[in-house]
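Encoded as structure tokens, the structure appears first; notes follow it.
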Amino acid sequence: MQRIGVFVCWCGSNIAGPVDVERVAEAMKSVPGVVHSTTYQYMCSEVGQSRIMEAIKEHQLTGVVVCSCSPRMHENTFRKTAQRAGLNPYMVEIANIREQCSWIHKDKEVGTQKAIVLAKAAVAKVMLNTPLQAGTSPVIKRALVIGGGIAGIQTALDIADAGYEVDIVEKSPTIGGRMAQLDKTFPTLDCSACILTPKMVDAAQNEKIDIISYAQVEKVSGFVGNFTVTIRKKARFVDELKCTGCGACMEKCPSKKGKNEFNMGLNNRTAIYIPFAQAIPNVAVIDPEQCLKLKTGKCGLCERVCSAGAINYKQEDEVFERQYGAIVAATGFKPIDLDAFDEYGYSQSKDVVTSLEFERIMNAAGPTGGQLVRPSDGKHPHEIVFIQCVGSRDTSGCGKPYCSKICCMYTAKHAMLVRDKYPDVNVHVFYIDVRTPGKNFDEFYRRAVEQYGVDYIKGMVGKVFPEGDKLIVQGSDLINGKQLALQADMVVLAAAIEPDPSARKLATMLTASMDTNDFFTEAHPKLRPVESPTAGVFLSGVCQGPKDIPETVAQAGAAASKVIGLLAKDHLVTNPCVAQSNELLCNGCSQCERVCPYGAISYVEKEIRGPGVREVRRVAQVNPAVCQGCGACTVTCPSGAMDLQGFSNLQIMAEVDAICK
Amino acid sequence: MQGTAQLILERARELMQSGQIQRVLGWEKGEFEHDPTPAFFESEEELQNFCYNDYCGANLSKYLIAASKLEGKTLVCIKPCDSYSLNQLITEHRVNREKVFVLAVPCPGMLDPVKTEGKDLSQGERKDYLLDKCLCCKGAEHKIADETIEGPSLDLAPEDRFAQVRELEALSPQERFDFWRGELSRCIRCNACRNVCPACSCVKCVFDNPNSGVSSKASADDFEENMFHIIRAFHVAGRCTDCGECSRVCPQRIPLHLLNRKFIADIDELYGEYQAGEEAEQRSPLVNYQTTDKEPSDALKGRG
Amino acid sequence: MLHENERDLRETILRISAVDVRKCMKCGKCSGSCPAYEQMEYHPHQFVAMVDNGDIQALLDSDASFKCLTCYACTERCPRDVRPARLVEAVRLLKIRKQGQNHLKPDAIPAKLEAELPQQAIVAALRKYSK
Amino acid sequence: MKKIAENRLPELYQALSAERKLYLPLEEGGVVGYGLYSPEKKTALTAPSTVKSPKELFFPQVEGVVNFQMQGKNIDILPIEMPKEDFVVMGVRACDVRSFDVLDRVFLSDPVDGYYAARREHGTIVSLACDQPQNSCFCEAFGIDAAAPAGDVRCFIREGVLYWQALTDKGQALTDSLFGLLEEAGPAGQEQQEAFTAETKEKLQALPYHGLDLSAFTPDRLGELFHDPKWKKLSQACLGCGSCTFVCPTCQCYDVRDFDTGHGIQRYRCWDSCMYSDFTMMAHGTPRPTQLEKFRQRFMHKLVYFPSNNEGMYSCVGCGRCVRKCPIHMHIVKVIKALGGKKDE
Amino acid sequence: MQVRQDWKPKIVAFCCNWCSYAGADLAGSSRRSYPADVKIIRVPCSCRVNPLFILRAFQRGADGVIICGCHPGDCHYTSGNYYARRRMTLLFKMLEYLGIEKGRTRVEWVSAAEGAKFSSVMNDFVQTVTALGENVKLEDLRCKEPLN
């Protein structure tokens, strides 16, 4: 039988003014289960708390109800008070008779009556409370960063800098990501490679960082602090430890028809290749689709020229497991496919390129050696038209409904760079809106217009079609009320960006949620923007939403700091108010698993023993370290097997009963 | 029907002989034509009592929960409408697909012994004697099958299964209240609706569990009658395949399916057409959401 | 504030066309795509804006709606699924539904006939320009 | 013997219900059940059967036993008054009349069930002979004469006339209270009765279950029947619902439950079914863990245990309700035939 | 029906801990009053509210039940209120179908900053329920206060 003590706080005159606290305390004395009921001016004060502690000891209380301010204010205070007196902290309930009563009801009789009802409801609940223990779970002090672009690199560097080990899993043969492909960066126009490659080198040289390139995450199990991840490292057919990156193999390789991914397929590469000069790891990789030796068994030239003896045609995929305390998704983006936008002639003319292709064309290490020439005939262009919002802000179903955010700025950058290097080239930009919210962004855009004479045209292009060796760009100029038909030598499309397709699969493995555009969702859009709702999973870079480099780096650092905060703990203290499955009642139907936003529920085949029962059943298990206690599962469960500790079905119904009495 | 039964039987015998299946779940001959009983047949000898006739309306899929725990495979005779329930049970992991050999059997519409009692069936149309659930037949297609027995199917344009729901919705609140009070007050809480329901597969029902806080063995008053049926319908909402067994077995002939169909109609209207059991591994609308879902206040707008 | 008559006309156009003009983000792609741009007094994007503004009478007074080729390029290309061609069509319908307002009268056909004009075009034109 | 024209029955109902409550078969929602008479109700006196038996009028499905009133920390015990209202049940068929013999053996033997006893005392049973037995009927197997039911008053209807004959003092008292409404039937009544009996007998003999043999169910074969392997097959399709139990006129098991009203406790009893998973649930579990044991219990009780303790009286009256209502058509007749056949082997 | 002159409705308000309960606190601290007939039960999230609780409240004598949660998109648990929205929509429509007055149940989204909204929602709800009068369609007579 429970022995409940009720402590009614005056809160000075805050409560005692509009509520007759003595009458409340008196009324509670006749409630079954209540063995002690008293009042005090300030329950939360030192003296008030010690009165509670004394009463717990003197009356051997098993539960405490404090009638006071909102539990959001002092629930923790009184829980600690109870704990100091040797009572389980979860045997405390608060009746909110200030915010919900004394502060809103002026009539003393009304306020007093309501306070009594609220106190009775709290007693009814605490009668059914059970002592709860906050559990702990150990934290493995190692982080995994998935994706080796600038987001992943920055996150890894920051985590390593704090002294924790971190692995980067990158699916391509080198880290660097999209930023490595860029020529210059806005709004400062510093060279992308110049600022990125030192970071890549830092990451490679940092002994806390292990770069696992040409690899993919295959499976994730476990939970915050204790993930087990299966990683598949694809066969490179080159021994990473032996290869010196000298490039002799590339010179001799007879198969030269592979599309150069780094240059967006604008030129070709050999079957054995190093993606680019500053690749990290600077190790060759054989493309098995192109390699004659692997395809036909005949060739082996690279093996012969490799003085390090690094070539190994028999290499196989390597699959291994590692343990991590935290996982960061930094899977980045890609430009969308332009199949649905054929009006822009992308498939009809080589001289219609995407902005990312244009980056490569402008880049000194690119396919044209940095010379601005038309891909079709290598001629110098005189008229270039840029088209913005290609597939962005598109709700017709062909493109993406969101703004890709970076296009306005990089288009201004491209326009400016062209005009700067080739003043003879006329540059036109079709835009819907120019969006430049960012430090020095609008100044940058205005500079393109005012200083560099870029022709910004408010309107969209309806179609682009080749005519002779020119491209006709037909679009509207809304400001001048004209339909234009420009003759252009090149057209550059600011294609929308979308999350990398690998993210969807990863989200499933991580039980991390995604929005309808396949961007990872945050735990809270404002307050927890770098955490996924799944505990222990963090978000870095464009995988969470479109952003530019400074934003990405900032978010990468923020994600790192969240990871560091997690790894700094030896144990995680878990909230004991979590869901619990009664295995005797569980049907194993998986409905609860489907609504759990945290992936806290898993299923096991288990021998169930109960009165008259002994059989193997599929039953739900809640991982208390992962569950956040929302209770979505409890309502989904028709048999009532799933219940929430601290807010159990019976507790809530007891409150309902007490209130409605 | 005779022919179909023969085809089923032959196939079942073959599969049993070849050891591919351990037992057959079908219907056993009764005393009369109209009273076959669902039964497991463990041997060829037992199969002599197998029958498949016009009165095999019972949905066998729920028995597979028990059969999943037995050694070896069970061949089950599944009519088109039963196949939805089976898919749903597989989705919910209540039936182990590996343990089941689904023999899809054709259904010409099943007869209601109450309607045929004392009648000369050669008089009137077959439609007049069909089980109510067959009048809203979901079609001749099986949604799950390992093997299909061909045979005659129901040649009847199905009635609009929501017509009665709409009729009720058109009444005034007091008329609706009176209608349901009249119907539910006949409930004797025999639990036949619950126990036959393939979606009501809980190892222990909340209403049987003294620790649930809501258990009750008999409906002591109007409230408990309402409570039982509202909660039962809610618990199967999004999972109910509209197999119609609840109303078929109700000894008091309470149109319980009209509760389930209300949920189905609302789900279809608010969250998009959804047929539970259409295929395995579907996500029920109650464990799903769209950020653009209608607000309750908007969904409830309209007549008082 | 729109005049009552203007509001009615606007509602009529919106009802006939079933177009949500508020979806337009004023990018101009419709007019950028329009092959009849030069012939039309008002261009597709203006149809959207003018309907939104309730400026229907001007559209009705203009022959722009008859210059539209109904090629649906605007509708096809619109990134916001606004379907300007349906507005043009709605304006046209509103015009020709009025008594005696047929744009193409049967009597006028013989004069317009050319040897190479396919029969179908005449039928189509009658359908499009007349009640 | 008295008589009244069938078309004057409303007058009879009015008269019967004037002084006391009258229960008789009513039709509601397409089904027939015993209900409280009032003129606007749709009576169905001649319906062949009711879904539930008249048992519930003497042993209701839910019945308060005692109340506890809580005031603060005080608890008051408020006993529930015994039923003391007179009532008449009309239209009870022979099988259902017999069911009261069975129930009496349970509830009126020591310790006497006060609630049941009070209702028996205050209730008068007016029976009605069968003229249209159903295919599912088999009362004959229990020696019941469908044409001549027992009860306080016995009625039969033939050629548009209801004949009324008091069989007990209570019945006579009721008859006397209807002074003026009933006419003397005279010797014609006797003739009509004989004709009626002959007709019914003929119909009974044509029933499919005519000649159902119960001779295998004897106390000495308890062990043999209990261990019969056929139970497994018979029970395997059973859904474990209570429809057979709740329509049965002789099932008498109940559960006692407490309901917390928020102001106290209402203790009540309600029908229970041995088919239910929580029947006789105890701390260690249930003594009949699977449906096989539960199923067997129901039929062994009706056919073996009860007669063993009650001079051979079966606790089944052959009303056929379970035969009609079992969702899976597994019922007592199938059980009797399956197990009863054994003695010849 | 016995109508008491001084009849006041009993209202149960389920409030999620993160938004609506905080909104109620704000209503309190900004002294925005609402009738004392409203009594709040704190739940972690609107998705914790089981239809059983709502029926239970009516059984025990409540005349109206209101569920308050975070605005869609703002759920502390990301998706809880979306599930609650579907469940409650369907449940309320079912109650309406059974002839229960639909004004007795309501869902409102109240953020932690909307103290004023909390108070006005409660005022409005109490008014609506008061106009509907006592809940008789879903009452359990056994739970009525003993009249002695």
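Each chain carries a letter (A, B, C, D and E) given by its place in the written order, and its residues are counted from 1.
Here, a residue touches a chain if its C-beta (ideal position, glycine included) is under 8 Å from a C-beta of that chain, and two chains touch if they have at least 3 such contacts.
Since this is a predicted model, take the numbers as computed values, not measurements.
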Chain D and chain A - chains in contact with each: B, E
Contact network partition after chain A is left out of the picture: B, D, E | C
Relative to chain C, chain with the most remote C-alpha centre: D
Pair joined by more contacting C-beta pairs (D-E or A-E): A-E
Between chain E and chain C, distance of the C-alpha-averaged centres to the nearest whole Å: 52
Between chain C and chain B, distance of the C-alpha-averaged centres to the nearest whole Å: 55
Whole-Å separation of chain centres (CA-atom averages), chain B against chain D: 31
Distance from the mean Cα position of chain E to that of chain B, given in whole angstrom: 35
Residue numbers of chain D (touch at least two other chains): 259, 262-263
Chain B residues counted as touching two or more neighbouring chains: 204, 206, 214, 220, 286-288
Shared interface positions of chain C, touching two or more other chains: none
Contacting chain pairs - touch in the sense defined above: A-B, A-C, A-D, A-E, B-D, B-E, D-E
Contact footprint of chain C on chain A as seen in their complex: 343, 389, 393-399, 430, 432, 458-463, 474-478, 483-484
Residues of chain D that touch chain A when the two form their complex: 70, 72-73, 260, 262-263, 283-286, 289
Parts of chain E lying in touch with chain A, wherever the complex brings them together: 10, 12, 17, 21-22, 24-25, 27-29, 31-34, 36, 39-45, 47-53, 56-57, 60-62, 73-74, 76-80, 83, 87, 119, 143, 145
Chain A - residues contacting chain D, complex: 30-32, 610-613, 657, 660-661
In the complex, chain B residues that touch chain D: 30-32, 34-40, 58, 63, 117-118, 182-183, 186, 188-192, 194-196, 204, 208, 216-220, 245, 248-249, 251-254
